[in-house]
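By written order: A, B, C, D and E. Residues from 1 in each chain.
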Amino acid sequence: MPSLEHIANLVHDWLNAQFSPGLALFFEFFIIGVLIIGLFSILGLVLIMMERKVSAWMQLRLGPNRVGPKGMFQTVADTVKLIVKEGMTPDGVDKLLFNLAPFIVMIVAMVIMAPLMFAKNFQIWDINIGVFFITAISSLSVIGILMAGWASNNKYSLLGAMRSGAQIVSYELSAGFALLTIVILTGDLKISAIVNAQSDGWWIFKGHLPVWIAFVIFMIAVTAETNRAPFDMAEAESELTAGFHTEYSGMKFALFFLAEYVNIFVVCALGATLFLGGWQPLHFGTGTGFNRVMDYIPSSIWFAGKTFFLIFVIMWFRWTFPRLRIDQLLNLEWKYLLPISMFNLLLATLITIMGWHF
Amino acid sequence: MYRETAIVNESEVTGDLVINMGPQHPATHGVLHLVVHINGETIRKVEPHLGYIHRSIEKMSESLSYRQFIYVTSRMDYLSSHINNHACAMCVEKGLQVEVPPRAQYIRVIMDELTRIASHTLWWGAMAMDVGALTPFFLAFREREMINDIMEETCGARLTMNYMVPGGVMYDLHPLFQQRVKEFIKHFRSKIDEYDELVTGNIIFQNRMKGVGILTKEDAVSYGCSGPTARGSGVSCDIRKLYPYEVYDKVQFDEPLETAGDSFARYLVRLQELRQSMSILEQLIDDIPEGDIQAKTKAVLKLPKGEFYTRAETARGELGVYIVSEGGTTPYRIKYRSPGFSNLSALDHMARGGKIGDLVAMMGTLDLVIPDIDR
Amino acid sequence: MGGGSLIALMIAAIAFSGMAILISKFVLKATTNKQKGEAYECGIPTQGPSWIQFNVGYYLFALIFLIFDVELIFLFPWAVVVKQVGWLAFVEIIIFFFILFMGFLYAHKKGALQWK
Amino acid sequence: MTNEELTIKISALQPALVVEEGQEWLQFHVDNKDWLALAKQLKETAGLDFDYLFCLTCVDWKTHLSMVYHLSSTLHRHTIVIKIKLAYTDPVVETVSGIWRTAEFHEREVYEMFGVDFLHHPDLRLLILPDGWEGKNPMRKDFEDPVNMIKL
Amino acid sequence: MAFLKKYFSNIFQAIRSLTTGMRITAGYALRHGKEKITQQYPDNKKTLVLPERFRGEVVLTHDENNEHACTGCTACELACPNGTIKIITKFDVSPEGKKKKALDTFIYHLELCTMCNLCIEACPTNAIRMAQTFEHSVFDRNKLTKKLNNPGSKIREGVE
């Protein structure tokens, strides 16, 4: 069965056979660019559709059901609508920053994809500091949001951007600590190494208490970092109308919207990689028939399944909880999540040194 | 004679921001315009600007006959239109000194309580939506829709029913009415605990609500608050208990009181009122007496010279109807003392020192219906 | 693939966003008027400037974050070598966290974590 | 407290009162200049404790205006009505917003609808009418709006 | 120690309250096939039954002989709070040569109507009733001004 790894190698070999190494590399980059743009489009369509359906199920509604079979192409129709919409630039704005902000947000969302491992040995760039890279790049997205909010010359936007600044930087700490737990257990920052370390069992099973705590903290922190309800202070629709993207319309708004969903995908993919074993199939014991059946499922399906499960959890949060207030949001981080994750890190260190994990 | 609206630009001096919330804002549920002075996230001052939906119903009523003006009041507090109509009909009856037949009295009270449940369920959904939970809104609408269907069947309309006429009600109950109401009560009894689990018990919701927008008992009285807003502050002000009208003195129900005076207290009062309304319905629905539904009245009504004031407990508080009659076929002057207007006046006092998020939660628990405030 | 892929991704992002905006520009003939250019504030003209010196509450958190984030960066290399170093690493981190936590408690005591 | 007791007690506070019975509640006609002092006493006198101003309005009688205050007590549950006669042109009355805070909004409404000027009101501005409203007071009987009013 | 105990019990309580809420939404998500309350409005037109009392629009009832019961007494016109109804009368000459007031045109302004039912209550001969139609949107407001009596219709025998 041809895996993604297989196809990638075939293309690589064919290109190198046809062209000079430099040209081949250029073509590979080109293919990556096209693929990633394709991935973006598909993610946008799928995730928005999923959000709508999940919310509809929870809210006794049907969800979109008019465009295409079971409303599958609703997002396509909406995209067309957004393209036809006018992308206005209000008079009072800082034009340069205002137009730059969506690009920054998009660049961050795209670059962060580089070290993600989508399937077995299928990765754009296996950076040796993979986890660290993701932490570093993801903090850039706050710059885009601050830029958008400040440049809009709108008080709602300003408030939204400021809130978002305080929020994202705060929650980055506990997300970082949660990542560190896994790094300590693995002893490596490379994504591929982390995934390989889970071949005999996912960290969530092997690492017991510290990993469970880290996983819960990670989920809370990334929900906050991606500005999702119940932590959607930056948008806070009932308070700030639309927060930092109040003044954005048309395609520029669509880019923010898309970036938000791609960010959700990225953090959930990261969560799946670190805690749920990435593309590793579910195994019990060694050499049983069950394991062989699990192995038969392609690694990309495993990865996607885990990621989408986590995405569902984040959507589930959104459609259940009320929004926190800004001071409660920061209290939660500084009074609960941060101290707990610090002690959790000590616990993880202890367990690693004693070798108590499986 | 008029003084210009003083827009003092304090922002340059103190670092304050002046934000307009509304008239087009997701949290103002209509066209309320609040000018909010904030510093950082902290609210310094809230100035309500009203009048975006002012239709001068009082002036309109002056040119309408005593049968006709009742229907206009459905458009004031459209969520408790039955009770508005009821208060007006009672005021006309007081002037005419007409005794309403017992059957009509029962029907009126049942309709009032159904309206109250419909209004409070909608408030619950909207309240949860204000603090960011979107799912409760749809759960609330499921229940409200059942009531609307019952109303549609008997009254012929879903929102502005115009079912009350001076001397009774317009038509008799639909044959299926009692059965439908019992079904609804059974359904709602099973669902109201879900309300508590989903929203009331939620830790985030409680944190958002507790200690926010505190209105002390003295302030509540001084600001003329009524209804659940005042009862959340421990002021006993239920017109149904204090000055019973129709058959309210025959039914057993409690007036829920909370003493904390914060948003959560007001929230709890309304949730308990839902349960009380259901118990009133249960007591009344089985023994509606047979008989006339309208007292005999003349085709053209004329109130004697004098002043008449009636009050009724709407879902938002005390609605007063003050008719000054000169003996003609139309009222000389009508004043509607709407509950929302007085409740809103306390908003500035409550909101100072809170956050923007708190303001939204407070507005939610005040249960503002803007046409009721502007009239 | 090496670091060049980052450049490729960046170019892809810019191309994607730029194309999207350009296409919508071409599809549509934009008109403009005075109302369209106004900042959205619920339909009421904005009073006073929006670009003002803002309440310090937000910045305090940014400062505290900065301290902690720098510490977090120090932790990354440490985390990688915990397995090899063993107990020494544990003692080290306890000392490190003790100092950090004292600072945290101090900030808490001073009310820097209190939203104002 | 019964109506008789109320009459005696309130008349003692302000001898110039005219009491009118026959309606549902006792009605007191108060002189404009005595009103503020009486209002304070009504709220503070033990046994009266009129702390709840539930309705404040104005009636245009074409020759004069009359302010109508509906007062009640949350303690004793008695209700009275106070009426004050005002001049038709440039009517002026003392504000009671310092005594019952709900009066602040109600008085602003009366101010714009009837043109009654409330002395010492903390924030007497247009509340419901749009800013910069020019013209007559809408709730007066002689108000005509040729554009929006439909005569039936 | 008491502080720590409170700290952890707070966390525990919080997590419990949150999972309770999540259980409810998950329950709805799992049972979404049964629980959904959406009505697919334009599609369910055929099965949509409005209650007989639903007030959608005033109509003048005509029987199979194209006869109605309106005497042109203008009671409805007087009862209407909005001036929705305008009745134009004419004088019919009966075979005996007596002049009799009769309905000429029953004009109904649907755009002004609030469906308050006062005209129906006022009508002494039950000539008008409320119809259950509710789709009144049109592009031209003038289309909402309707003439209710059919062309060539006349008053039913025996209605006074």
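Just so we're on the same page, a contact is a pair of C-beta atoms (placed from the backbone, for glycine too) under 8 Å apart; a residue touches a chain by one contact, two chains touch by 3 or more.
Just so you know, these numbers come straight off a predicted model, no measurement behind them.
**Student:** Kindly list the shared contact partners of chain B and chain C, in label order.
**Tutor:** Looking at chain C and chain B together, the chains touching each of them are A.
**Student:** Starting at chain A, figure out the least number of steps needed to reach chain E through touching chains.
**Tutor:** Graph distance in the chain contact network comes out at 1.
**Student:** Among the chains here, which has the CA centroid at the largest distance from chain A's centroid?
**Tutor:** D
**Student:** Of every pair of chains, which is linked by the largest number of C-beta contacts?
**Tutor:** A-C
**Student:** By mean C-alpha coordinates, which chain is most distant from chain E?
**Tutor:** C
**Student:** Taking the mean of the C-alpha atoms as each chain's centre, how many Å separate chain A from chain B?
**Tutor:** 45
**Student:** Can you work out the whole-Å distance between the CA centroids of chain B and chain E?
**Tutor:** 24
**Student:** Could you state the distance in Å from the CA-based centre of chain A to that of chain D?
**Tutor:** 63
**Student:** Calculate how many whole Å lie between the centre of chain A and the centre of chain C, each centre taken as the average of the chain's C-alpha atoms.
**Tutor:** Distance between chain centres: 15 Å.
**Student:** Name the residues of chain D that each touch 2 or more other chains.
**Tutor:** Residues 152.
**Student:** Indicate the residues of chain E shared as contacts by at least two other chains.
**Tutor:** Chain E, residues with two or more chain partners: 18, 21, 24-25, 28, 37.
**Student:** So which stretches of chain A touch two or more other chains?
**Tutor:** Residue numbers touching two or more other chains: 58-61, 155-156, 158, 163, 241, 319-321, 326-327.
**Student:** Using the touch rule from the top, collect the residues of chain C that touch chain A in their complex.
**Tutor:** It is residues 1-18, 20-21, 23-25, 27-28, 30, 36-42, 46, 50-51, 54, 57-58, 61-62, 64-65, 68-69, 72, 75-76, 79-84, 86-87, 89-90, 93-94, 97, 100-101, 104, 108, 113, 115 of chain C that touch chain A.
**Student:** Which bits of chain B are touching chain D when the two form their complex?
**Tutor:** It is residues 1-6, 49-51, 54, 56, 58-59, 63, 94, 219, 221-226, 235-237, 242, 306-309, 311, 318, 320, 322, 324, 332-333, 335, 337, 341-342, 344-346, 349, 374 of chain B that touch chain D.
**Student:** Within their complex, state which residues of chain A touch chain E.
**Tutor:** 54, 56-62, 316-317, 319-321, 336
**Student:** Touching chain B in the complex: which residues of chain C?
**Tutor:** Within the complex, chain C contacts chain B at residues 41-44, 46-50, 52-58, 115-116.
**Student:** Would you mind writing out the residues of chain E in touch with chain B in their complex?
**Tutor:** Chain E residues touching chain B: 13-14, 17-18, 20-21, 23-25, 28, 37, 50-51, 53-55, 79-81, 114-118, 121-122, 130.
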